[in-house]
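The data blocks that follow each hold one structure.
Across the two complexes that follow, subunit A remains constant while its partner is subunit B and subsequently subunit C.
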Partner chain A sequence: MECFSLLRSDVPAFIDHLGGFGEVVAPHSKGEVSYTFEVVKDSSQVILDYNRTLLPLKKMFLPPVETMLNFSLKDASFTPVEIEISPRLFFGVHSYEMQSILRLDHSMLSGKVESNYFRRRQSSRFVGISFHPDEFHFSESVGITIEEMEGFDLFLNEIEGDFQVYVLSKNGAALLKGFEYIESTNPEVIEGRSFKKKIRYHYNRLPRVFQYAYNSPIWAEVASRCVGCGACTLTCPTCFCFDVNDEVTVTAEDGMRQRSWDSCMLAAFAEVAGGENFREKTSNRTRHRLFRKFKYITDEEGLPWCVGCGRCTAFCPAGISLPDIVNELIGEDEKAQLPRSVRV
Partner chain B sequence: MKRLQDVESHEAVDLYFPTMCKVTGAKQITDMEKWYELEMPNGQSLGHSPGQFVEVSAFGIGEAPISVSSSPSKHSSFELCIRQVGMLTNVLKKYKQGDVLGIRGPFGKGYPMEKLFGKDILVVAGGIGLVPLRSLINYVLDNRKDFGRLIILYGAKTPSELLFQEELAEWTSRDDVELHITVDRGDASWKGHVGVITTLIPTLDLQTSTTIAAITGPPVMYKFVVMSLKSKQLPDDQIYLSLERRMKCGVGKCGHCQINGVYCCQDGPVFNYSDIKPLAEAL
Partner chain C sequence: MKPKVAFFDFTSCEGCQLNKLNLENDLLDILKHVDIVEFREAMDDKADHYDIAFIEGSISSPSCVERIHDIRRRSSFLVALGACAVSGGVNAMKNLHPIDQVRETVYGDDKYLFATLPAMAVSAVVKVDYEVRGCPMTQQDFLKLLIALVLGKQPQKYNSPVCVECKLKENECLYNRGMVCLGPITRGGCDAICPSFGQFCTGCRGILDNPNLSGMLDLMTNHGISLDEAKKRMLLFNANEVQL
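And now, the complex of A and B:
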């Protein structure tokens, strides 16, 4: 694998160079404590050290609100909305974020292939960057290291403040072409970065824990603290559920059909006309969210559908921690497996 | 895991654009339900199987999943019967002959007809559960010699809520259909059976080895009907149920119709009971 050294001071020039491919999207500061993926206008404003953006990169592939068609109420006709596709390069993406895109690929491309998602995805390139885990990251517990490079074209691994650039695909090599401020180097193993937050079991063992956790009292306990706002799913990089709504203009002559992010944590998510709600209690919904992350898709695909970014926990207004719930379930499972005589 | 490089460009399709269909017939058949006949453009056939659904679209309001009520043996048009129970369906009430409705689909899995050929078909319909089952019933009647007995149990709350009354009369008059109707509450003129639908089951004379049951009704009905059929020794895998969920997109993407890990719009809405028995959220 080719590897080059890149000085931190040369990164803005590198981003400018990458702009030759197309629009560059990278992390920026927003307010005092938040980060966001935005189109780069000034490469010196790109943030290289950040914990996590508020919204995940999915917003670039499945926009929070997307118009699918415009309709006329006068003659009940519609015109499809064609999205404009231009090459985009995503710079400064963490490993768990890339892994979330690979999982979204599965969700949007399995069965019938969704056109808009596919076209946006096909015209994208990804340049990764290493990160320093904070108290919320637990990616390693779901099998994703800081240096996991799958899916990237290039990856910047920080070493003593500067970077080693890994070339991971033909597209990645093409992106480097003509950029002079790099020098060939030998890849080094970076020491000293470790995850503080952990799930106690290897993720392979979690589907079995969940198999026996369906009727656990833990769901009701978590639900008693949950405010049902849906922040966990909106900020989750692998959650993709959406709703479809028609918006009519004020003249009531025409309008548009839009899809927007939805959340299985919201009370009406599984409700049908007539009022029947198939997941009526908050505890039903909390359970469903975690089963979607660690059991249902995992049984089929062998991977957790959680990438350990820590967003659902960091942004939960009630302080509910996903890894803590999983660890509690593990604890409960261990207790249940102890022989009766030693059970406390 | 499906990957980007596994997908060919031509596979990427627009999943959410409706086909505009002409309403060729419409009739309010009870206080709550309206029947519609629709035609696809250019004489196309909908190409559904009994038990499948379509997404019906009224611009300005939205879409809702609606079962197809006609038999696939009728090619030139298809029929829907819609209860006015929400915002969209109340707007659809105003649609009349000559209007245009958007349709996407057909979606989901219907009845596996190849497994039903040669079998006795026991239809258990509660309320508007008769709407999708009418597709199956009429398919059986259109291919009568391919099936054994056709037994229909149909329950409604009151006599005035009975759907498709002309067809019910016709089925009653046929000697190759065994139709049993019950209502929860009779009225002055009702001379038929009174009681919930399960009260029709104990006296049925079923050949369990050759009978396939098809059940559709309100959510509360399934457990009790399945229990009654089990007491008749009908094996799990000879029972099919059609489940209602909020199938918003119809193509396995939006997430609304999940029953535990299963998408109702993809693996259902018609399920074999043995497949959904382990799913806690199913019944």
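And now, the complex of A and C:
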């Protein structure tokens, strides 16, 4: 693996150089304390040290609201919306975020291919960056280290303020071509970046814990604090559920079919015709959310469908922590294995 | 034949009607679909029968009750327009105080001259077919309902919180800016217009079905306001909807 050193002060020039490939999307500041992925207009505005963006990078492949087709009521006809493909480069992506895209690839491209996702996913390049875990990141517990480089073309590993650039693919090498401010160096192991939040068990033990957790009293306890706003699922990088809606314009002659992100934490999600709801209580919905991350898909794919970005916890106004729920389930599971006489 | 549409006001600021006249870009399109036959703020004409009657304002006096019964009898569809008509809105705050005290505060010694009732939703008195929520409702929301009725479709109902639209717009959560927002338990459909401009949600579109009120009060007090203040915020628009 080739490795180059890159000074922090040369990063804006590097981003400008990458602009030669296509549109560059990178983290920017948003609001008072938040971050967001945006198209780079001024490379000096790109943020290199950020904890997490408000919405995951998913929004670039599955937009929050997307028009699928335009229709006309006059002659009952419709035309699908064609997506234009332009090469895009995603800069400053954290390892868990990249892993979430790989998981989405699996969800969207295996079996019947989601064509809009596929078009947007084509000709994209990823330049990763290391991060300093805050109190919410727990990706190591789901098998994703800070330096996990799968999926990236280039990876910037921070070392004493500056960066080591790893070249991970032919595409990555091509991106570096012609950029002068780098020097060949030897990759170093970087110490001292540890995760503060952890799930107590290795992730491959979690499906078994969840197998016996369906009727746990913990779900109702969590539901008593949950107000059902849906922030956890709407900011989750691996959630992909959506709702479809037809909007008719005020002329009542034409309209469009839109798809927008939905959330299984919302009461209306599992409501069906006639007003029946097969996940009526918040506790049912909380349980479903976690089972989707650690049991249902994991049973089939062998990987947790949670990447440990910590968004659901960081953005929960009620302060409900996903790793804490998992740790509580683990504690309950351990207690259940003790002899009956010592269980309290 | 185009459906005959009318607008009526009860106890309210009349803003929900007035903002129909601000639909300048769409008015001509609207008039292609419907005939407006009665609208006190815009015209003098009256009619005997209405296909769609839009009612603004809450029911808060015996004369209101009489009038709304009369309108209902002469209407095919009746739509409650805005927070006051849907739930009583801010008017319903008076229901939290003894009615005698309220009358005295407003009318002083002349209180016996003015008959009054607790502020009620229109649906507390007559059958309401559809509702457009908000204080005021967004024009888009009103147009969507009107077009759905014109096309003979069921208008969309909202039972998802404001947070959904707010998150999809990638707004920074106002709780992260030190504000206390009612978005998590307030019915959406407003495109999260207030939080998008940095104003916390005051709950004007009403509280969701089956809300976790105790969880919400905990959440609000955990973000630095007193229980009293939290309850007041919740009751501002929803005194008839929540019991605290």
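Note that the second predicted complex is superposed on the first by the 344 of 344 C-alpha atoms of A that agree within 3 Å, B and C clash if a C-alpha of one lies under 4 Å from a C-alpha of the other, contacts with A are read in each partner's own complex, and residues count from 1 in each chain.
The rule we apply is simple: contacts are C-beta pairs under 8 Å (C-beta built on N, C-alpha and C of every residue); 3 or more make two chains touch, one makes a residue touch a chain.
The model shown is predicted, which means the values in this text are computed figures rather than measured ones.
*Asks:* If we overlay the two complexes on their shared chain A, which of subunit B and subunit C does A:299 touch? Say first, second, both or neither.
*Replies:* first
*Asks:* Is A:30 touching anything from subunit B or subunit C once the two structures are fitted on A? First, second, both or neither.
*Replies:* Only subunit C is touched by A:30; subunit B is not.
*Asks:* On the A-aligned overlay, A:245 touches which partner chain: subunit B = first, subunit C = second, or both, or neither?
*Replies:* Both partners, subunit B and subunit C.
*Asks:* Going by the contact rule set out at the top, does A:60 touch subunit B (first), subunit C (second), both, or neither?
*Replies:* Touch status of A:60: no partner.
*Asks:* Would you check which partner chain A:257 touches, where first means subunit B only, second means subunit C only, and both and neither mean what they say?
*Replies:* In the superposed model, A:257 contacts subunit B only, not subunit C.
*Asks:* Look at A:13 in the shared chain and tell me whether it touches subunit B only, subunit C only, both, or neither; answer first, second, both or neither.
*Replies:* After superposing on A, A:13 lies clear of both subunit B and subunit C.
*Asks:* Based on the superposed arrangement, let me know which partner A:47 touches: subunit B (first), subunit C (second), both, or neither?
*Replies:* In the superposed model, A:47 contacts neither subunit B nor subunit C.
*Asks:* Going by the contact rule stated at the top, is it subunit B or subunit C that touches a larger number of residues on subunit A?
*Replies:* B
*Asks:* Just subunit B (first), just subunit C (second), both, or neither: which does A:190 touch?
*Replies:* In the superposition, A:190 touches no partner, neither subunit B nor subunit C.
*Asks:* For A:85 in the superposed arrangement: first (subunit B), second (subunit C), both or neither?
*Replies:* After superposition on chain A, A:85 lies in contact with neither partner.
*Asks:* Taking the stated contact definition, name every residue in subunit A that is touched by subunit B in one complex and by subunit C in the other, in rising order.
*Replies:* 73, 245, 248, 252
*Asks:* Quick one: which bits of subunit B touch subunit A in the complex? Just the residue numbers, please.
*Replies:* Answer in residue numbers: 1-4, 6-7, 9, 11-18, 20, 59-64, 83, 85-86, 88-89, 99-102, 219, 244-246, 248-249, 251-256, 258-261, 266, 280-281.
*Asks:* Using the touch definition up top, name the residues of subunit A that touch subunit C in the complex.
*Replies:* 30-34, 36, 54-55, 59, 64-65, 73, 223-231, 234-235, 245, 247-252, 260-261, 263, 266-268, 282, 315, 317-319
*Asks:* Where on subunit C does subunit A make contact in their complex?
*Replies:* Touching subunit A: residues 26, 29-30, 32-33, 143-144, 147-148, 150-151, 156, 159-161, 163-164, 167-173, 175-177, 181, 183-185, 208-212, 214-216, 218-219, 222-223 of subunit C.
*Asks:* In the complex of these two chains, what residues of subunit A are touching subunit B?
*Replies:* 68-69, 71-73, 76-78, 80, 102-103, 105-115, 118-119, 121-122, 214, 240-246, 248, 252, 255, 257, 259, 262, 264, 269-274, 276, 278-279, 284, 288, 291-292, 295-297, 299-301, 303
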